[in-house]
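In the two assemblies presented below, chain A is common to both, partnered first by chain B and then by chain C.
So, the complex of A and B:
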């Protein structure tokens, strides 16, 4: 087990979350907007080829936050464009992120079927 | 205590009396919970690599495992408590994405399985997918544009 990588993932992942926390506390952005911003920024950084340096450095510290999801979409698109051309721009992104998206939809659906909604006590 | 005479005196008096803004505490909690989730991801990644799975698939397995754990814990009403404590620490990692799918789906279950669960799942995840996928397509188109240009120039 590579302990140094785990430590780096901890620090970088934590730092990315702290930026989000500052945005929540200091601005009026809703969590949904912050998630959208993170995905978009990740996709742009991935498209520019910058995000892969952070992944090389911190591993899951960079891929697990939602910016990693965005960069995965962009990376998949570019590599698919390189192999199949124009059509790759439309197929590559989701193909690369298919595992995460499908898992989220499927497990999410199952979890909501078997769970009982809690009655809100305010 | 000296009497309050100017605006500055009053400001310093208020600063003295009000408790420290919770932002530091929030950031600290976000840091260690978010970091911990990423570190767990890295451990799963290490285990996958030990089993000889390639890097791309290992990252996918990490995402799927964390998504499963998050969906499971949301279903048990545990994750929302973690979220209240950790704020962005559990929101920003992919766990927050899974949580944003399960929690409205659970809440709107009474409205039926199609327009309740099926539709409300995407109240937060929908915009994330729309903007993420659109940006990636734009990235791909720009990449094509730049590359054809360089080809023409050569």
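So, the complex of A and C:
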């Protein structure tokens, strides 16, 4: 097992979350806006080809947070445009992210069948 | 009833508070006031299939408990004033649909409980009613869904946010009785401080609380120390500090006799509600449980209750509107 990779994923993924926490605590940004900002930043960095360096360095530490989803949208769009042309701008992003989106819907549905919402602790 | 000053009223014959009832949720049970409540729930659903149904049950049970404590037959109750935080006040109307008491639904956000007592007092003082019931409720889980995000989203609450109290308080107001008595009230004006953050309602409502408090003191010619205690509900920690500053800039020192129901409801460190409690149910249960008992035991003899409300909804927040605040004051005395 690559312990160094696990450590790097933990530090980078954690750092991305720390930034989100600081934004919640110190700014008036709502969680929804922070979420959209993360996806957008990820898409811009992915589109510029910069986010892949972070993925190479930290693996899941960079792909699992929302910025990773954004970069995946950009990457999928670019490669689809290259293969199918202009229409790829509309199909590529969702195609690339289809696995994650479908899994979220499927597992969310399963979870809703077997569990009941609860009050939060704080 | 006679009007004094700009917007305060002194009742010709003080209105009696015959009985109160309070039911709260599990988190409130862990708070410092738990021994004053009539009933504390073990879980937020209370055996129901939704939080909205649980809140309706809170209203229904608190009202029937208050009625049975007062010994007045429900057929002899002329009006029921009730309100809550859900769309179109369904917690109240669904909870009370089987009571067979003439029902007047109110919305004053978290100020609803005192708003209902003002309406009831005015009707009783004017001989339009003999016995009335006033109630207000809120539920943390249904309020989060209504005003912020559904709990299933699992998002975090920012440090300035307040914790909506799960609970319902009810009070029976009657023409005759031995007290405690409602002696005067000051209905508030809408005050907008330009705050747009739905997670910082204490700051949004502090201006309204200041306006009503200063107006009440000026109209009645009283100093703050006329009262044993001045209680707002619910500015929380942030709004409480703002109110003390705002009022001191008007030349009144309320620091020693002032507190807030949202501050009283929970332990600050241990329960970590961030800026304290809020919701219609907060001042309703703190009054019906704690304050009413203090008045009965004559530990408090003169209390000024100022209920504050943030008059926004989720659409106005999404459209970037500021939050108008309201505060209604009512003075309750042991005579």
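Please note the rule applied: the second predicted complex is superposed on the first by the 116 of 122 C-alpha atoms of A that agree within 3 Å, B and C clash if a C-alpha of one lies under 4 Å from a C-alpha of the other, contacts with A are read in each partner's own complex, and residues count from 1 in each chain.
Throughout what follows, a contact is a pair of C-beta atoms (placed from the backbone, for glycine too) under 8 Å apart; a residue touches a chain by one contact, two chains touch by 3 or more.
Since the structure is predicted, the reported quantities are computational estimates derived from the model, not experimental observations.
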Item to check | First, second, both or neither for A:28, with chain B first and chain C second | outcome: second
Checklist entry - Is A:84 touching the first partner chain B, the second partner chain C, both, or neither of them? => result neither
Checklist entry - Which of the two, chain B or chain C, is in touch with more residues of chain A? => result B
Checklist outcome for this item: On chain A, the footprints of chain B and chain C overlap at residues 21, 24-25, 31-32, 117-118
Item to check | Of chain C, residues touching chain A in the complex | outcome: 26-27, 44, 140-141, 149-159, 196-197, 271-274
Next on the checklist: Show me the residue ranges of chain B that touch chain A in the complex, using the header's touch definition.
Outcome noted: 22-23, 26-27, 30-39, 41-46, 59-64, 66-68, 71-72, 74-77, 87-89, 91-94, 96-98, 100-102, 105-107, 109-110, 117-118, 121, 123-125, 127-129, 131-133, 135-137, 139-144
Checklist outcome for this item: In their shared complex, chain B is touched by residues of chain A numbered 1-2, 5-7, 9-26, 31-32, 34-36, 38-40, 42-44, 46-47, 58-61, 63-66, 68-70, 72-74, 76-78, 80-81, 85-86, 88-90, 92-94, 97, 99-101, 103-105, 107-115, 117-118
Checklist outcome for this item: Within the complex, chain C is touched by chain A residues 21, 24-25, 28, 31-32, 117-120, 122
